[in-house]
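One structure coming up, written as structure tokens, with questions to follow.
Naming follows writing order (A, B, C, D, E and F), and every chain is counted from residue 1.
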Amino acid sequence: MASNDDPARTDPMVRPRYTGLASFMRMPYRSLDQGGWDGVEIGLIGVPFDGGVTNRPGARHGPREIRNQSSFIRKINQATGIAPHDLCTVADLGDAWIEKPFELKGALDEIAAFFAQVHAQGITPLSAGGDHAITLPILRAIAHERPLGLIHFDAHCDTGDDYLGSKLHHGVPFRRAVEEGLLDPKRCIQIGIRGSVNELDQWAFSHEQGMRVIYIEEFYELGVAGVIAEAQRVIGTGPAYVSFDVDGLDPVYAPGTGTPEVGGFSTLEAQLMLRGLSGLDLVGGDVVEVSPPFDPTGNTALVGATMMFEILCLLAEARAAR
Amino acid sequence: MASNDDPARTDPMVRPRYTGLASFMRMPYRSLDQGGWDGVEIGLIGVPFDGGVTNRPGARHGPREIRNQSSFIRKINQATGIAPHDLCTVADLGDAWIEKPFELKGALDEIAAFFAQVHAQGITPLSAGGDHAITLPILRAIAHERPLGLIHFDAHCDTGDDYLGSKLHHGVPFRRAVEEGLLDPKRCIQIGIRGSVNELDQWAFSHEQGMRVIYIEEFYELGVAGVIAEAQRVIGTGPAYVSFDVDGLDPVYAPGTGTPEVGGFSTLEAQLMLRGLSGLDLVGGDVVEVSPPFDPTGNTALVGATMMFEILCLLAEARAAR
Amino acid sequence: MASNDDPARTDPMVRPRYTGLASFMRMPYRSLDQGGWDGVEIGLIGVPFDGGVTNRPGARHGPREIRNQSSFIRKINQATGIAPHDLCTVADLGDAWIEKPFELKGALDEIAAFFAQVHAQGITPLSAGGDHAITLPILRAIAHERPLGLIHFDAHCDTGDDYLGSKLHHGVPFRRAVEEGLLDPKRCIQIGIRGSVNELDQWAFSHEQGMRVIYIEEFYELGVAGVIAEAQRVIGTGPAYVSFDVDGLDPVYAPGTGTPEVGGFSTLEAQLMLRGLSGLDLVGGDVVEVSPPFDPTGNTALVGATMMFEILCLLAEARAAR
Amino acid sequence: MASNDDPARTDPMVRPRYTGLASFMRMPYRSLDQGGWDGVEIGLIGVPFDGGVTNRPGARHGPREIRNQSSFIRKINQATGIAPHDLCTVADLGDAWIEKPFELKGALDEIAAFFAQVHAQGITPLSAGGDHAITLPILRAIAHERPLGLIHFDAHCDTGDDYLGSKLHHGVPFRRAVEEGLLDPKRCIQIGIRGSVNELDQWAFSHEQGMRVIYIEEFYELGVAGVIAEAQRVIGTGPAYVSFDVDGLDPVYAPGTGTPEVGGFSTLEAQLMLRGLSGLDLVGGDVVEVSPPFDPTGNTALVGATMMFEILCLLAEARAAR
Amino acid sequence: MASNDDPARTDPMVRPRYTGLASFMRMPYRSLDQGGWDGVEIGLIGVPFDGGVTNRPGARHGPREIRNQSSFIRKINQATGIAPHDLCTVADLGDAWIEKPFELKGALDEIAAFFAQVHAQGITPLSAGGDHAITLPILRAIAHERPLGLIHFDAHCDTGDDYLGSKLHHGVPFRRAVEEGLLDPKRCIQIGIRGSVNELDQWAFSHEQGMRVIYIEEFYELGVAGVIAEAQRVIGTGPAYVSFDVDGLDPVYAPGTGTPEVGGFSTLEAQLMLRGLSGLDLVGGDVVEVSPPFDPTGNTALVGATMMFEILCLLAEARAAR
Amino acid sequence: MASNDDPARTDPMVRPRYTGLASFMRMPYRSLDQGGWDGVEIGLIGVPFDGGVTNRPGARHGPREIRNQSSFIRKINQATGIAPHDLCTVADLGDAWIEKPFELKGALDEIAAFFAQVHAQGITPLSAGGDHAITLPILRAIAHERPLGLIHFDAHCDTGDDYLGSKLHHGVPFRRAVEEGLLDPKRCIQIGIRGSVNELDQWAFSHEQGMRVIYIEEFYELGVAGVIAEAQRVIGTGPAYVSFDVDGLDPVYAPGTGTPEVGGFSTLEAQLMLRGLSGLDLVGGDVVEVSPPFDPTGNTALVGATMMFEILCLLAEARAAR
């Protein structure tokens, strides 16, 4: 009989993709009080917070719309052959939402506390922002034992300084993370940097700390293969984190974002670069700055979901190899 | 400690509304294999099917977007004081999606089978379409014991005849339902009818069967209170079903629909009319024809969710009174 | 056999409405060199010209998008029972486009010449603009024998004066028409006037000439029935023209227009007022100022097509009664 | 010679409305260091802050887009004959932007300090938000000498309580204002209240304090004239403030807002109600919650600008009468 | 005299492009009962059918919007110098619409019957879908005498298998065509394949049959010239068909489609590849999967029209060379 | 105290970018009667005129929306290190709007007169259109002493001939400029040309005059570096002008334009090419054909602002070097 729960239907990945509640990549929803986290190896987590933006808000709506568009994602990476769900148990852990969103510092502490729980369970986190400020508390939760390397796709180094009276905002997470010993700057690479600036050496901190900055002009010269080689060289064999800000892409691929900078790389180039990170010991990742109110076609969220899937494959491969 | 599952957070209705997975009105998700239906009294059900449309498609995407916008809905009807969740156990039962969507007749049979299960559990169904063709299989599942009355908001009577080679489509469910003895035409009222037609007496079936047809011009004359009185008179004390096609509203309130007809009633008028159905013995309802691809602001889905909530209050009140 | 030209398919009005080339209301396309105008009694004509606008352009794209949306229109007016195609031979005569659009005066002369041909054939014109400047050359073509009455729906009286160095623009056609003896100001009624103004008596010409101006506040007081009575009184038994500027509607019904003014009447009110013109000796009409680039949902064009149909019914009835 | 500064062009109000920098209603831009505030009687002020929203953000972009759309506004109110610029010197004072936007409490203090300067100069403020939280610091600046009356258009009373860990947010300004003695609750009227609620008596504070709450159902019964009479009665002869939240309107008129509630009043009804406040001793006003990212047609900002103009006329009339 | 039918105006290609009824590339409209097909050598045909889609619908609206945007296309291919209208008589044959759209199998039979008529007249068909399922009946009509080669641009091989209970849908046409002997798999090339999959060897049929599959990664390596060489090699001298699914392009170029896959080729790359097919014996072609409801800027339809023009040039050249 | 005019706030470039009135790149607004032009070296000027378009209008709205999006631009070019505001005094000079926009010839004369004033003050103009017709009067104002070289990015050579009865329109400015001796055709380069044409040698004038035309196919072959070398060679050491029509970009980067042509270069390629013009003696520039009504995401205007900034850096560098 045709029932909603017919065994023939138990695989949500083969149902029509417009049906059902939208969880990340149609994975099972497992919150602490619904299903619990036991056995989960990679957790897909929304962080609906945009209290750190300095210009256009809306990334708080990112997780929900990325979930919606992520129904387009199927099980296996056709390009690499990686089947993440065969390698690891993956679940949608829900949102690390914030109880007190009106205080930036406190909100980031709440995010850190949530990810500390995830980390305590031995779950590898893959998050959907929210603005880039959320990466700092994630790193606080998972990198406090030892500094991580970083592969960072973005138009901005996000190693600025205090702005608008705050030490914390979405333009500064990686400076704070280096200052707090959560990142090893020598093992950090930042790819796609560009845009006009208000100080000639806007990203002096990155340069001074020895982070490898690949401006978009160098990207254009090196090509994808060259950038991959450089990323492999910089990161080496230690543990590392991948952070993908969709404004690293040209705004035509990701108009729904807070601080668009004209003249970025393409989605195909991003996918190829991400796949080139294969073999690195990746311990977590995120896709941030998807702002649905500025995204009339939904393509930014679809791109965000696609990049999450590429990172999921990397995380699953790395975890299975550990 | 700030956790995703802190007792202080167990009421999803008080969380920020942009957070978490989108279930209907933030109700718990209860599928047959996830949580089960035991104890559920009113089931919120998506029917993501638009295989019956004759013009613009897209209503298959309706349930997901109505779920998304329904996060705006809170617990209690401020105008009537009805608190449906205090009166009944309400849950999101997931989607009655179709395994074989390419065959219209078979698809409707699948929908009927799903709703037969719901009905067998004694659950009152409140559905989100999908196109209006879905109301026929719902009625087949819940009205086969005795004909129901009908309060039907729409620009079209949907009592046409075969079209484009098919006895089944979204312009004919109520004719078929009367023919199959599922509706008592004398206890049917159709409100908001308008638009140009290809035959002078396009809705002859309604007239011949004694259904009460309130054209938009008569609505304009009677006013909301007059229409309510007429609906109460026509339906009387027997069991009845409410079907709300969003194209009954003027297209400015619901541009995201398949067959818009200029010159309809307003959302406030719709809400007042729905509230005027208080006291009727309502046994089910639906909101249909929300087509998100034609709805750039999302207002149509928000309207759909709002009308579902008004009907939920009626169903809860009626069920509690039984 | 299933062919595109099967006799069973010869009625384009019953085909799915998204199919085929978009002519006005799916009427046959009859240009002078394709089919010719012989026998046509009412001609549907596009005037894709917006060289008279003073603010937002785009009405040049109006005829094509109104044609597109007009596929929603069926054969018969359900509210009045009028079947215009039974009363008159109706055809889409194509566009009165302009050979030299860069000269406003010359362009209006070209439009006048086109409509003179239409008038010479005894065809009643029903036009889709284009901006409101086009009504002046239409009147020059069809009203030069005797002044007409005018029923004019608009937010503006369009009886201003020279602006930006020009005697001709979309804010002045009715002043020029009165000055040229094409309209009898005592038989003119202007409905829906509102908005802020730069001169206290912005529409002094209307007042001085004795045109009946119904500001939106008076509309609100009189109601639809009162306005109809006033229109019937003012126009009386002589020949008259109907001009419907979509900015008379509230901008929510017609956002796609050049000079929106918040606080207008609704589409249903417009339809009821138009139907109230039944019995008048109408000899032509137009719907103007639909600007598709400002109309993301297409509703403005759908409204334009719907109002054209209401006017078509009036013109057919009047012509059949003559 | 044709120059940008030709005397014939010195009146920006008669230039084409798409030209030039967008100041509020094309008024001169007068900041403290550009032109200064000397002689200004009514100041148009942007408050680009949305740090108090609990759901959809974006109102920080409101002032700029309201300025853009306000170019549609001309000099004189056609309906009332009021010419505000003849009665008072009006200028665009720029934005009361916030130096430290990441701290809600501090940000509101900054806003208050800005408006204290305005108030010290004897300027009547008319503000464009920003979210509704901004009204509290405005009242702190201008109402500390004596409590004001309040005419408040909104879907929500905004007299809630702590939410998400904060005493301050956009759902509570009027409770705090009453608590701080800035408003006389007996002289407050709140119009258009509706929507589902999480507590049966969501607005208990309003009721307990004796504020006059007109729910949308009562509005529907009383009609515009009845509401005006009630507003005049409640406010009486003392000084009062007008606060217009665009979510009081039905979402079709104002989709670009943070917390839409289906089933509101229309723009025409709003205009008529505002005009009905003529004669009151109004000392300030605001239009809030215009969120351009959710407003694809720009109509919400146009509506916001139009309501600002209606309030400007009231303020000018009241100030001239003092 | 300025007339709509002045000899000076008989070339619709030089009129302003926003004027007139929208036929494909402003070609004359020639249906069997309007003008007939005599003498037509290449027929531009709409197939407004999306009954084969498995996710987002809307391609039924494709032909009309492609017609609309195709007014941007002029007479001659500037890059290649090909003037298709000088080489062949080209006409818009109208739509192969379906009488019974609710039955997928029957609908495809109707399409086949329409194209059999076209084929019987010796007309080379160039079609605008509609979803990709329509290519199967087209091939049934024109390839039954001998198998064709295929140049296929797409993100998907569309050689899947039964899905959702149906042997027929938009993911399977080329498997069925090979099975039916309509395509010679050794002379098939599929370009742009990518995206996540549910089975590791999703396109096993293509591989097993010896179809040449160029995944997007290989495309990135080979470059346009390499792909052209490969296509020329695979197709050789026999007759072949070109099928262009717009989802082969990156979604930024074609957001309006049913199954977008991030990371595709660009329009310029597509144009260069199509031009590289010069010299092949092409006997028909199509552009499919344009879904206007998901295309707010209209760019997808413009791209579709542009690709149709590139294919038209190839077809005209091939036919003239035969 | 926190004031709008606190010294700490006097640099508008560090304020949140959504605040304040939108001037070009947040530069001071200096009109002849507000601040005057004394000391200005580079003037940013809007030309809100689209009376020369032959298809889609709307570029009249370009300057205002480019101003709005240009708030994203910061002080310094990160890629080149050029800090234009350190090199030259830059100001927003307002709009060269037209008093008599209804006459194309007269309107262009008015524009020329405005720019003659700018030129007489020794100010280097950088303009935002408006359609491409505006470049002719700009050149008349600044190139009459000696012919200039031209670097022209566009999909069209704009060296056509009379069209629609006019010698002046947006497809002909560079022909007229050569004919009037304002440009030295041997020192002109046109980059990105493509699209279908109505005459085989559509741009015969360019070829005959010896202008260097780089069709998009040659661009694809040469690459950015090759095009830069060619531009440097063609222009040499004499004075030159840069004209950037956004339709030179692929329409995905600039959908908001009047005559989109599929298959153009990318924004990054455009930026790299512009930077490659360093060292040329540039005396003026413009960005034209941004049409906001066709630009739902605003990306076209953001791209326009970004290209203006690249040109500003070139102009500042050249002027400082003189």
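Basically, a contact is a pair of C-beta atoms (placed from the backbone, for glycine too) under 8 Å apart; a residue touches a chain by one contact, two chains touch by 3 or more.
Since this is a predicted model, take the numbers as computed values, not measurements.
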{"item": "Other chains in touch with both chain A and chain F", "value": "D, E"}
{"item": "Neighbouring chains shared between chain C and chain E, ordered by label", "value": "B, F"}
{"item": "From chain A, the most remote chain by mean C-alpha position", "value": "C"}
{"item": "Whole-Å gap separating chain A and chain B, where each centre is the average of the chain's CA atoms", "value": "39"}
{"item": "Distance between the centres, which are taken as Cα means, of chain D and chain B, whole angstrom", "value": "38"}
{"item": "Interface hub residues of chain B, defined as touching at least two other chains", "value": "16, 18, 56, 60-61, 99, 101, 164, 252, 294, 296"}
{"item": "Touch-based graph of the chains, sorted into line, ring, star, complete or other", "value": "other"}
{"item": "Chains that touch, pairwise", "value": "A-B, A-D, A-E, A-F, B-C, B-D, B-E, C-D, C-E, C-F, D-F, E-F"}
{"item": "Touch list for chain D against partner chain C, complex", "value": "13-14, 16-18, 72-79, 81, 83, 252-253, 266-268, 271-272, 296-297, 299, 302-303, 306, 309"}
{"item": "Touching residues on chain B, where the partner in the complex is chain C", "value": "54-56, 164, 193-200, 202, 215-217, 220, 250-252, 255, 259-264, 294-296"}
{"item": "Chain F-touching residues of chain D, taken from the complex the two chains share", "value": "1-6, 8-10, 15-16, 18-23, 29, 31-33, 46, 48, 60-61, 63-64, 67-68, 92-97, 99, 101, 109-110, 113-114, 117, 296"}
{"item": "Residues on chain C engaged by chain F in the complex (per definition of touch)", "value": "50-52, 56-58, 60-61, 99-104, 106, 164-166, 168-169, 293-294, 296"}
